Every structure is written in structure tokens, then in C-alpha cells.
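One chain, subunit A, links the two complexes that follow: it is found with subunit B in the first and with subunit C in the second.
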Partner chain A sequence: MSLAPEVYDALEAVVGSRYITQDPVDCEAYSGSRGGHGKDLGMERVLCQPPAAVVLPGSTREVQDVVRICNRYQIPFVPVSSYWVTHCAPRVPEALLIDLKRLNSLEIDDRHMFAVVGPGVIYSQLLEEAMRRGLYTTTPGGGSQASVVANHLTCGFSPLNYRTGFAERRILGLEWVAPDGELVRMGSLAMQDDPFWGEGIGPDLRGVLRGYIGWYGGMGIVTRMAVKLIPFQPERLVPSGISPETALEFPANRIRWFNITFPTREDLVEAMYSIARNEIGAAVTKVPVFWRYIARAKSKEHFWEMWEAPGKEEEIKNSHILRVLLVGYTSEKHLEYEIRVLEDIVKDLGGQFRPTKQSDESWLKNADSVGMWWMTGGYASIEYTIDTLDCGVRGGEYLAELKTQCTPPLMPDYGDPGWFQMGELGHVGYLEFLTYFDPEDSEDNIHKVDEWYYVTGPKKDIEIGLYNGFTLQESPVYLSGPAYGPNFHLWMDRLKGAYDPRRISNPPWPADVDEVIEKVDWLERDW
Partner chain B sequence: MLQLEHYKYDAARCVGCKGCVWVDHIYMPGVQFGMKCPSAACYLFDSYAPYGRMKIALAVMEGRLPYSDKLADIVYSCTMCGACDAGCKRNLDLEPLLLLEAFRQRCVAQGYILPQHRAVAERIRATHNYFGRSHEDRARWWPEDVKKTGRGKGDVLYFTGCSSSYVHKEISQSIIRLLQKAKIAVTHLGSEEWCCGYSLVTTGQVEEARHVAVHNIEAALKSGAGTILVGCAECYKTWKVEYPKLLGKSTADMGYQVVHASEYLAGLVQDGTLAPGHAVPMKVTYHDPCNLGRLSEPWTHWEGTRGRFGTLQPPKEYRRGTYGVYEPPRQILNNIPGIELVDMPRHRENAWCCGFGGGVRDAFPQLAGWAAGERVTEAQSVGAEAIVSGCPWCKAGMQQAVRESRSPVEVLDVVEVLARAVLGRVG
Partner chain C sequence: MNLKDELIKIVGRDYVLDAAEILEQYSRDHSFYPARRPNFVVRPHNTEEVQEIVKLANRCQVPLIPASSKAHFHGCTIPKQGGIVVDMRRFDRILEIDERNRNVKIEAGVTWGQLQSTLAQHEGMVVGPLMPHPEKSVITTFLEREVPVIQIYEYREPLLSMEVVWPTGDVFRTGSASAKNYPNTLVKGVCPVGPGSVDFYRFLEGAQGTMGIVIWALLKFEYRPRVNRTFFVPLRSPAEAVEPFYRIGRRKIGYECLLLDKTSLISILTREPRFDAGSLDHVLPDWCLILVLSGSRARPEERLAYEEEALRETFKNEFAGLQLLSSLPGVPGIEHKLPDWLRDTWPQGLPFWKHSFKCGCEDLPFISRPERVPGLLEVAAGVAGRYGHKTGDLGIYVQPLENSRACHVDLSFYFNPDSASGMEWTRRVYAEVALALMNSGALYTRPYGVLADLVYGRASSYTLALKKLKSVFDPNHIMAPGNLCF
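Here is the complex of A and B:
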């Protein structure tokens, strides 16, 4: 696979010979198996392939010129920044991969509390610069290595959204190279070279760009984005330790984690509501029990020794642990007040405080999302519900029940109802339901995981009314779309056609899972 | 010899999180100095990053990519600094560095070797040293005014290494004078000392490396000294990690103990044997040599099988870079009056490589020079007047970068600084 000489020459003229390659060895490094989320499942095995060539543009102008050339010659292109989900890998032949890592500028406007970032900037870089100025933003579930721009365009969920709101709502002015190569400046950037304001004049196209779950490169390329930063407490969080035991030490007078056990899941959920009603907390999250085992494990083998010890099922069934992060944003007294309120809530509901480390491994600057792959080698979340907390809790229980029918080949997690937490001071509940498997398993078993992931789970969502959009990234859009919309999938298709008439921006999104199902004989299109 | 297929699981299970190239997020200093992989930062394409090389290795193992000049370029343009390894083992416990070592060994076994690396092997074979200088000159660095201890008369064997024997004699001379001051009886192999073989083993030339390993080990054991003291980080890792690896053993079973001069001398400073009485008024930063820091943990030979969910039976002892030699050089510097020690943004297991390891100084001098220049820039960013290290090769690389950039920063070895403080002189 390679580009036609005239296409290659045209691209080389834009980026320079140092920043283009079509050598198969270089291209192999960009093959689909790079994508973290969804790796090893049908999408990767059936659709993903190395690109025909790779370019590294160094400016918005170069991105625009590259995209125009793609339009001129009908070359499918795939933009990547941190390259973290399989949908962002080339999935059609002869694609051009546009690697955006050179666009790594970062500027912070302290006074107006926003940052202007290129797609090559990752969260931990932004957070370091922000925290030096008494500001912060969220570290998302995707991890500290996620691109700030890409993550803001795909919802950007984090436990810290409890206080800060979703990342996608914090997008201000931005610069967008549309799929046809037109340059669009949005918000106040449309009028002047200052992206401080998101709304701007005229129609606000941010909704088109981010939708509910983003376009994963299927709607052109955002080359520069202003994102809102939030005031933080002023004390420095000091890094400590040597890998793998590194952490940010909390200033005890300003930040505290609490681990609290409750007698029942109902008590735990009531505590979450009560915390939100009292408007305290920076994060309120019930994490999967096995994360605690990952944190304790010294090795993969040690994890399995602990996880498969006798009596584990009973222990996990009765484990109701809530993690609460309190921050004295405005003063030490602020923290003291929140601690007192939390103590009252916990006492009323019969909870007990448990010891926990007073440092940040996740979520302030770091998020160890990568550890999800450590214990089994294969991981993908089947569900991301953003609805009410009740919906999340019930959904997790339904899916846990359903999961028992697919275990094995899925990893046993003893009925754990997943990861649920609050967002936006309790106005939103979040469920993420995690699935682990052994990617070295037999082909038949991997096919069963495909079925669970792409079809069985989404069907259950529809049956119990858990569909909400975010799951759409991992399910056939012609299955989930009608249930979500009823014409959600048609609108997606119409928008795609309007902005990308040649359908060259990261095809076949948003119908790539549908295409997997069409191509394989172990998944049935029975809807 | 390492087998590439043994690391197929590691190649296949890489998820592309880039923990191998980013500085640990806890220590992430921002956009500037945010990366720790010189090869990835210099060449930019993913093929030059550890996560890209894992995918390329997988394709080679699966027969999808043939050998080519481009493949060789990618496989060898890595300093083997192990920043990727420590980064990956923070979360995933994969083996990107061993995979690349195995990849290089496979290339050599199949006849694909870079001419520059072959030339190094030929020099070592002919002259027993990296530079191709006369073997008879190897021990001429020994100061005339320092009395030699006869062979077999000391508990400590000082293994000088090529660089400190022929070029950076100020390091070997400082070490020997400090040991003399502390009244430590030191043995030296004299003409029986050969190049440690680091440049051979790191470029995949394991047969040649095994040959020098066997010679040096026999000579050392014959000397009767239980402790092998080195002042070079490459020698340190080679004696401690590579020799047992080459011989299918564990470090603990080698019959000798390896210590770096900074470890040994820090102990003598701590117990008062050496007193740094002369002030060295200078703001310095310490550059952690990769082979003394994150890559210096002992090697434990492992044989076993991989089972369900990738678990290993028996469990393996991982080298994650946690217990590298990070503190002793800093202890020495902190005990010297007048020294103000500041860390660079990338330090300890996140340290940026000087660029001179892994055969890069021979085959990719542009990458080596660029990486060293980056380190000098980083030292300047914290206001350091001097970069202090614990390896003559790091010193050589950064001195070259200082010369080329006309930087005012001085490059020193930690033993030189200690010699100034204790003896009032260097070398």
C-alpha cells in the first residue's frame, strides 16, 4: 500500500520531507493494534490496518493544506493525537494518517482562567502548568496521557466532574479544519485572535463537533482549542516516590481522601445523594472492588492469588465502599466544614471511615487508567451511562447479572455492579461497566467476547432503557441509534454527509461497528 | 541469547498508552521536558518510539515485515536507556527493553548488523578496548605517585573501564586517590582488564560479549577480591546485569558484588573516613546515568511459562527501576560544603538519557549529540553551573554538547567533585 506519487509529492511539499513517510515499517507502527480501548476485539482484528502514509503537520495551515489534498485526491484521512481508542486507527485501505503531535503549543491566561492547547498536549502537561497558577481541570477516565483537545471533544468524563462539570462544556473558542479543508474559527476566535469566549457570534457549531460523544476524527481536525480552567486551592502538591510507587502528596490542611464502608448498597447511594444535596466534595465515587486489588497487587500473579482466594465472592457482594475527595478550595476552614458535614452523613447512615492514603495516584494530575490492562491483558468498558445515579446503579446490577452468563470467557468479578459516581454536584449519575478478558484466549472465546461487547450489552441497554449515547461508540449505530433517537443514526449520517461529503474523515465512523458485524460470521445482525 | 518470540506477548499486549515516552505523570513538568524517550522525541514518528517498535517487532515475528535498511535504522536508533521500561512497568509490566535487546540479537544472528557496530567489535577483539588503542597503554592512567597494591592483595578490585583508562583519566585518578586517602587496599587487573563489552551486548553481538565476559569474570575471581568497584555506569550494568544474563545466571550467583564508586565513596563520607573539607561553591545538578539508575537492578534468571490472563509460572522478579543507584551520588554532593544541588525536571527513573548509550554514539552521532544537547538545555533551565554525573560516557556526550552550544555549563563526574572537596585537587 502506498500513495500515488503525485499525492505523496503534494503532501511532501506541504510538510517537508522530514515529516512524511510511506515506508511500511514506519506505517506498521501506526497499525490498529495501537489503540488502547477496544484493542484485541473485532474492530481491531477485522477492520484495522496500517495506513498508506503518515504526515506530521506543524501548523493549522499545514493541516488545512493536507486535508485539502486528501479531498482533491479522495484520500481517506485519520487524525490522531494521543491515539487511545481503536476507532482512531485506520480502518480502510490507503488511508493517510495525520499525526498531530507537533501541534503541542500550550498557553494559559491566568487572569481569565483558560488555556489554549494544541492536540498534541496531554492532560498531565496542562495540569502541571495550571496547578502552578492555582488552577486545575479534570484528569479524565482515559488517563493523564489523553489529548486535552480530543478528550474535550468526547465528553471528557472524570470523577472530578462532580465539581467541574463535563469537559465538553468547558470548550471555548477553537480552530477547526472541517473535513473538506475549510478553516472555521469558532467563539470569539471568529472575531479576533482571542479564544476566551465560546459562544461567539452567529450559530454555535460546538454542538456539531462534540455532539454527545464526539466524532473520533470523523469530523475533521481541531487544531487549537481554548478550554476553561477552574480555581483550585493554592498549596503545592509535592511529587514523591519512585516508579511504580509515585504519588502527589496532599497538603493535609486542604485536600483529603476518605474511604467509607456502608452496610448496604442502598446506604451508600443515599450517602452519595446526601453529599450532593449538601454540596460538599470534589469527587464522590464508588469504584469497582477489583481496582482496590489492583492497587494492592505487587504483580499480576499476586493479583490473581488475592482475587481467587476462597470467600472472595461473599466479600465482594458485601463490599460497599465509597471514596470521597474533599478539597478546601477557598480556605482551610472550608475543608474543616466539609469534613464535619461528611462525618454527620456517614454517622447517620451507619458508615465507617477506613484508612486510605492521603496522596494522589488518581485523579488530580495522574490517572492510572492503563492499569486496567494489567491483570488480564484485555479490557474494554461496555457501558458509559450518563443519566441519573439511580439509573447507573440499576444498570450496573442488570449488567452484572447478564455478565454471569458470559463468564467465562470474561473475567470473574463476582457480581460487582461496576463503577458508579456522581457528576455535576449530583445532578448526573455515571455508570461505567468494565469488561476484562484474556486476549490470548481461544478464537471461539474471543468471538464470544465480541458478541458480548458489540451486541449483547447494547441489546440489554435497549431492553432496560439504559441507552444514552455514549455507548454508541462501541455498538452498531443501526442497532442503538433507533432506540436512542428514534432517528439518531440518520441524523449522524446526515451531519456526516453535510460536513464531509466525500466521507473521507476517518471512515467508516460512525458506522464502523456495523461494518464489523457485516463482515464476520460470528456476529448476527438480527435487529 | 534472548529469543524475540519470548516477548511476543509483550509486543501484542502493548496498548499504546505512551507511558514509555512520557515522564511519569506525577512528575510531568509540562510541555517542555515532558518526554523521556530521546529517539521518539528526536524522530517524532511512532516507529521510533518504544510502542511503535513493539508493533514492528510483532509484525516481524508474524512474518509481515521483512528486514530492510529502514528496519535496521529503527531497531538501532535507540539508546537503550530504559526510560520506556520503567515507564511501562509503572502500569503494565511489559518488557519493551528486553524485547528490543532480543530484536537486536536476532538481527545480528541473521547477519544484519550495522557496520559501525561491527567495527567496534573488531576493535575490541583486536585491542581489548573500545577505542582501538594499544592494550599496553590501558593501565597507564595510574598516577605515578600512588603506590600499586599487588594483585590479589585487596578486597576491592577496581575495574577501570575503557573510557577512564584512555580518555577520562581524571575519573579513574580521582577514584584511586580517594581510595588511597581512605586507606583502602585496591586490586587492579592491569593488562588482564579487557573492555567490559557493553557496546557488544547492547548492539546484539552476544557471542563477542560472552567472550569478554568470561575473560573478565575469570580474571576478577582469580584476584580474590569479592567486590568489583567501577566508576563507569556502563561497566556497572554490564558486570551486574549483562554478565549474568549472558551466562544464564542470576546476579546473586555470580560470586562477586559490583559497586559503583559513588556508592562506595558515599559510605566513606557518611562514616567520616573521607572528609570533604574544601568548599566547592557551585550550583550543580545531577544527571542520573541510565545504566546506574533505572537499569541497574540485579538480574534474576527466569524460566517458566505464561498461563491464563498472561500470568507467569513461576512469578518473575521484575526490574522496574525502583531500586537504582539514585541517592549515593546525591548524598556525596549534599555533603560537600558550597554545593547547591538542584534536580532537573527529569530525574531518577525519569531521567533523560545523555544519548551516548546503546550503540547510538557509533551509528547515530546526530541523535547522540541532539540528546546530549537537550540535557544541557535542561540543566541550564534550573540554573546549574555544572552537570555532575557518574559515568564517563555521559560526561563525554554532554561535554561535546557544551562545546558545540558554547554553553557555560561545566560537566563533571561526581568523583571529581568529591576529590576537589576531600583532596583539594582532581586526578
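Here is the complex of A and C:
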């Protein structure tokens, strides 16, 4: 596969010979690596293919010119930044991959609490600079190695959203190269050369760029984005440890983690509601029990030794651990006040404080998503519901029961109802239900995982009324579309037609899974 | 069958109005925009009726103008090209109050007066704009992105899921309420985003009725604090407020934090008969920064204590030249009343505070960085001065936003609605000031009337993209034509 010479020449004229390649080895490297969210599912194995060429534009203008060339020659294109989830590789032949890593400018307006970033900037870079200024933002579940722009457009969930809110609320002014090559400036950038404000003039076109999730490159390319930063606290978090076991030590007068056990799940949930009602906390989360084992394990073998020890099921059934982060945003006395309120709540509900390290290894700057799947090798979250916390807890219980039908080949987690947490000071709750499997398992077992993922889970969501927005990327849109909205998929399709009339921005999104199901014989379409 | 008969068939004879005096009422609002009469006013009472009306309008190519409030302020519901006003006043039910998850589900016609009094019984409040008109629709307020007066919540947007009838006639639920079989599902509808890769609710915001008719929405509500402490900082100019804004916002101190000029403050305070404008004019400062600290549900006094300590420390160390007062000289007892006033609707039956000066008022709202606000106010005063405006002829309200990284500014242009020449004169001043401010960096995200021509003329790529969006949802351009750039 390669591009026609005239197309290659046109692209080379834009980016220069150093930043374009159609060497098969280079292209193979861009064909979708293994290991990562959803990267070992059937869709990846069936649809992923190497691009015909790769370009690395260095400016918005170059991106715009590349996209216009793609339009002129009808070349499908796929933009990528940090390759974390699926959809980072072309699904169709003869596609151009646009690697955005050269767009790596980072500016921070300390006084007005926002950063302007290109898609090549990752969270780790942004947070290092933000925290120097007493500011922060959410480090997402995708990890601090995720692109700030891509993550704000795609997902952006973490326990810190308890205070910082949905990522889509933190998107300010931006530059969007629409799929047809038109440059559209949004927010205050639409009117002036200042990206400090996000709202649109009248109806807000940020709504085109993402909803619950983004378009995974299916709706053009954002080349520059201002993102909101939030006041944090003034003390420095000091790095400690030796890679890969590193941490940020907390200043004891301003930040504290608390681990609290409760007699029952109901008590734990009541505590979460009570914390939110009293408007304290920076994060309020119940994490999957096996994460604690991952944290303790020294090796994969050590993990399995601990996880498969006798009596594990009973132990997990009775394990109700809440993790709460408190921050003295205003002052040291702010933290002291919140500790007193938390102690009241814990006492009322019969909880007990447990020892925990006063450092961060996961959420403030370092989110280590890779560490979440090493014990099996394959991972994808089947559920990503946002609604009330009660809804999330019930949903997790339903899914835990359903999962028994597919375990093995899925990793057993003994009925644990997943990861649930509060968002937006308790106005919303969040459920993520993680699924682990061995990507080297037999073909039959991998096919069972696919069925669980693409068909069983989405059907259960529709049946019980869960709002699994994130895994739209892993459910057939012609199954979920009619059920939600209704017919949200038709509106997406019309918007796609309006802004991408040639349908060249990462096709066939959002119908990838539908295509997989049409192509394979181990999944059946009955809707 | 003619149009009237078709409408009667949908909503019933009692709810299709075309008497001249009724149409006259709907031809104008509290703004200074010229009157235009609709052909009909209809008052549906369920989603199906709204849907049928929209389908009829598409068949007949007749404009529809949605109207949910009983009081309108910016000319958005004046039919620019005739048509049918869809008055949503019969959608006036508070459908559900969910105390556990702190949200309320209301229909489009529910007013501020109705909602806040109900929520007060549950120790709750929807955080609204500064003293909203009691007859204004709550949902419209937030669709129009009016600015909440309390900014402590990072997620300040209160709208959650909604049900909407798109201009095509399709009924759609946004956010998690989009789930099949809602509300008989696990989800309660509290997630605003999606479904899918589109934030549909963003298209309804700032749309001035051009993108569809919202039937109901869920909104967050917050705990209404019982223990409060009010502080006043008298100022000679708005420039003196800038640095305190930045510092207070950055340290997350307090609930309300706002700046009012003397004219606006008098308009608010004179709701109590014991205060008269003349006396207040002598005792009030030219500008007043108002801060309210409040206790939470738990240990309220302790929260007040650490916030007050931080506030006093900030002023002592950084703003020693400013007075931090716990009462307002010449206005005894107001420090106890103001927290409730700021969290409530304007009282039913009293002339609206923005109308107390000359009976008419048109607001010019814009967004800016705090440090630029004083300069922009000087620009406005300079242009208005050329038209003979003196200090105090404009009302000014400055609201820090998002931990004070930005400010919302409302300039109130007062006029006598009974004087056609006076209104025309005000329109001219308003347009001149608006242009000068835009050229100096003021950002208009809610472009009403003349502002629309200014901003869309300048933001060409955004305008083009917006028109594509409009053509997807309203291919026949029947919804509120003449508003925005449509």
C-alpha cells in the first residue's frame, strides 16, 4: 500500500521530506500497538491496518493543508496524539496517519488559570507546570502520558472530577480543522486572539466535538486548545522513589488521603453521599479490590498467588473500602475543618480509618494506567456509566452477576461491583466496570470475550437502563443508537455529513463495531 | 383546513389565541426592540402537542417562536418574521425533587418564583443569576447562559438532561435521560453529556429558541446555607476591585462575591420602603464589593471561621488600604438580609429592580478578563458620555467567574418604555457602546438583537459552522428566524 505519487508529493511539499514517510516499517509501527484499552479485542485484530503513509505536521496551517489535500484526493485520514485507546490505527486501506506530536507548545496563563496546549503535550508536562503555580487539573484514567487535547476531546474521567467536573466543561477557546479543511475557532478565539473563554457565540459548537465521548478522529483535528486549570494549594509535592516505583509526597498540612472501611456496602455508599452533601473532599472513590493487590504485588506471579489464595471470594464480599482525598485549598485550617467533618461522618456510619500512604502514585500527576492490565495483558472497561451513584452501584452489581457467565476467560474478581465514585460534588456518580483477559488465550476464548464486550454488555445496558456512553466505541452503534435519544446515531450521522461530506475523517467511525460484526462469523447481528 | 383550524385540532380552541390585544402583548417585551406581531399564540400542554405543532409548522413553512417565561427581556420572543408563538406557560410542573442526588426536574414554564420557594422548604436552592425576575422561566435562564451569582462550584453549569422537540419534530432526550424506557430505568437523568459523541445540550444553550423547544430539564440544586456573614468593601472605582477579585477567587473564599455600582445597589436596596434613593445616594459608596461567607451543613460556624480568617488575612496583608466592613454604613441591618436576597428571586409584586429607575432596561452583557474590566467600563462611559450620559445613568454589575479567572459584566441601559424617541435614543447609545466595547476586547457570547450583527459579522468561520449545524436540526428554518445569525 502506498499513496499515489502526486498525493505524496503534495503532502511532502506541506510538511517537508523529514516529516513524511511511507516506509512499510514505519507504517507498520503505526498500525495499532498491542496493550492498551481495548487493543486486544477482536475489533483491533480484524480491522486495524497499517497506514499508507504517515505525516507529522508542525503547525495548524500544515494540518489544514494536509486535510485539504486529503479532501482533494479522497484520502481517508486518522489523527493520533498519544495512542492510548483503540482507534489509533486506520480501519480502511490507503489511509493517511497524521501524527500530531510536533504540535507540542505549552503556555500557561497563571493569573487567569488556563493553559494553551497543542495535541503533542501530555498531562505529565502540563501538571508539572501547573502545580508549580498552585494549579491543577484532572489527571485522567488514561494516565499522565495521555495527550491533554485528545483526552479532553475523548474522555477525561478520574476521581478528581469530584471537584474539577466533566472534562468537557474545562475546554476553552480552541482551533479546529474541520474534516473538510476549514479552520474554525471556538470560544473567545472566534472573536479575538485570546482563548480564555470557552462558551460559543450563541449555540456552542464545542458540542460538535465531543459528547459523552469524542469522535476518535472522526470529526477533524483540534490543533490548539485552552484548558481550564483549577486552584490547588501552594505547597510542593516532592517526588520520591526510583522508577518505576515513584510517588509524590504530600505536604501534611494541605493534602491527605484517607482509607476507610465500612461494615457494609450500603454504609460505604451512604458515607459517599454524606461527604458530598457536606461539600467536603477532593476525591471520593471506591476502587476495585484487585487494584489494592496490584499495588502490593511485586510481580505478576506474586499478584496471582495473592489473588487466588483460598477464601478470597469471602474476603472481597466483605471488603468495603472508601478512599477520600482532602485538600486544604483555602488554608491549612480548611483541611483541618474537612478532617473533622469526615471524622463525624465516619463515626456516624460505623467506619474505621485504616493506614494509608500520604503520597500520590496514581491520580494527581502520575496516573499509571499501564499498571492496571499487566496481570493479564488484556484489558478494556465494559462499563463507563455516569448518572447517580446509586445507579452506578446497582449497575455494578448487575454486571458482576452477568460476568460470571463469561468467567473464565475473563479474570475472576469474585463479585466485586467495580469502581464507583462521586463526581461534581455528588451530583453525579460514576461506575467503571473493568474487564481483564489474557490476549494469548485460545481463539475460542478471545471470541467469547468479544461477545461479552460487543453484544452481551451493550444489550444488558439497554435492558436495565444504564448510560454507558464511553463504550459507544465498543458497541454496535446500530444496536445502541435506536435505544438512546432515541436515534442519536442518526444525528451523529447527519452531523458527520454536514462537516465531513466526503466521510474521510477516520472512517468508518462510529460504525467500527458494526463492521466487525458483519465481517466475523463468531458474532451474530440479531437487531 | 386553514392554519388556525389545524392548531385548534392540536391544542384545542381555548389555547389558540389570535385576538388583537393578545397578539399585541406578544409583539413586545421589556427590551427596547421594535414590536412585531405574531399570527397566533398557542399554549400546548404536552410533548405530543408541541411535536404536532412543529410538524405543522414544517409543512406550512410557518415560523415558530418558543416562549417559556411570562416576562421577557431581550427581544428573543418577538416574532421577527411573524408566525406562531409557542407559549409554554402550561408546562408549569415541578416534576420531581431528588434530595439525595440534589437535583430537581422541572418543566419549561416553571418560574423562579415558583421553584425557589419550593426548594427553600428542602433547604435547597438552584444557584441562579442576580435576583431573577419571579416570572422568568428557570430553564430559559440557563439555556440563555445567564450567570449564577454563586461561583464556588467548579461545575457551575446547572443543566443536566433535557427533553427537546427538535425543529424537525423529532422528540429527543439529552444526557443520561436518553436511555430507553426512561424514567423507568436505573438512570435518573443526571448526566448532561451525550448521548454519543455529541453534546446536544450545548446546541440549545445560547440558541434564543432557534434550535428547538425544551419540554423539561433536570437541574442541580445546592444546599441553602443558614449561617452567613456578609462583608462590604466600599470602593471609589472598579479598578480597586480587580486585585481582591483575583485573590479571593484563587483562595476559594466565600459564596457570593460581586461588585455593584451605586445605581444598581440603590435599585436593589429600595425594595425596602424604609430606604429611599435620595438618602442612599448620599451614604453609599460609588462602588461596593459584596462578599458573603456561608457555613455548610456540617459545623457551619467552623467553616465560617476559617474562611473569615483567610479573608481578613488577605485584606490585612494585601489590601490594607481597603476597608473590610461587616455592615454597610447608612443601611442598617442589610448585612443580615443580603444573603437571602442574593439567593432568592426578586419579590413578586414589586417593580423589578432593573425597572425601578426608568421602568425600562436593556442589559449589555459581556465577558472579560478581570484586569480589563475597568478599562472597558471607561470605554463605555466615554461613548455614553458623548450622548449626554452621566455617571450613574448606567447600572453596572460585575460578577467574577470561575475562581475569578474571568468576569461577567452587565451594563444596564435604562429607558422610558412610553417614550418612542427615548427608546430610539437608547438603542443608538447602546449600539455605539456595544461596538466600542467589542473593539476594545469585550466578548459577547449572548448576542441579542444588534449584538448578533456585530459578532457574527466578525466571527465568519464560526458563523459558517453554526449555519451548518442549524441546517442539520432545522432544515426548513422554521424556528425563531431572525434571531442570532439565522
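Annotations for the structure displayed:
Criterion: the second predicted complex is superposed on the first by the 520 of 527 C-alpha atoms of A that agree within 3 Å, B and C clash if a C-alpha of one lies under 4 Å from a C-alpha of the other, contacts with A are read in each partner's own complex, and residues count from 1 in each chain.
Just so it is clear, a contact is a pair of C-beta atoms (placed from the backbone, for glycine too) under 8 Å apart; a residue touches a chain by one contact, two chains touch by 3 or more.
These numbers were taken from a predicted model, which means no experiment stands behind them.
After alignment on the shared subunit A, the placement of subunit B and subunit C results in a side-by-side fit free of clashes.
Look at A:R265: by the touch rule set out above, it reaches neither subunit B nor subunit C.
By the touch criterion stated above, A:L248 is placed in contact with subunit B alone, subunit C being left untouched.
Of the two partner chains, subunit B is the only one that A:I122 touches; subunit C does not reach it.
In the superposition on chain A, A:L425 makes contact with subunit C only, not with subunit B. Look at A:H447: by the touch rule set out above, it reaches neither subunit B nor subunit C.
Of the two partner chains, subunit B is the only one touched by A:Y83; subunit C is not. Look at A:P239: by the touch rule set out above, it reaches subunit B but stays clear of subunit C. After overlaying the two complexes on the shared chain, residue contacts for A:R91 are found with neither subunit B nor subunit C. In the superposed model, more residues of subunit A are touched by C than by the other of subunit B and subunit C.
Between subunit B and subunit C, the minimal CA-CA distance in the chain A superposition rounds to 23 Å. Judged by the document's definition of touching, no subunit A residue lies at the interface with subunit B and also at the interface with subunit C.
Here subunit A touches subunit C in the complex through residues 111-114, 134, 163-166, 168-169, 178, 182-186, 188, 190-192, 194, 196-197, 199-208, 210-215, 218-219, 228, 230-231, 273, 277-280, 329-331, 333-334, 336-337, 340-341, 344-345, 385-391, 394-395, 424-428, 462, 464-467, 469, 472, 477, 481, 483-489, 491-492, 494-495, 498-499, 510, going by the rule given at the top. Those residues of subunit A lying in contact with subunit B across their complex are 19, 21, 23-26, 28-31, 33-36, 39, 54, 56, 82-84, 99, 101-102, 104-106, 121-125, 127-129, 143-145, 239, 241-248, 299-302, 304, 360, 365-371, 373-377, 411, 438-440. Within the complex formed with subunit A, the subunit C residues making contact are 100-103, 145, 153-155, 157, 160, 170, 172-173, 175-176, 178-182, 184-208, 210-211, 220, 223, 246, 249-253, 296-299, 302-303, 305-307, 309-310, 367, 369, 371, 402-403, 405-406, 438, 441, 443-447, 452, 455-456, 458-459, 461-462, 464-466, 468-472, 484-485.
Of all residues in subunit B, those touching subunit A in their complex are 9, 12-19, 22, 24-31, 34, 44-47, 49, 51-53, 55-56, 58-59, 64-65, 68, 70-71, 74, 86-87, 89-93, 306, 308-313, 315-316, 318, 320-322, 326, 348-350.
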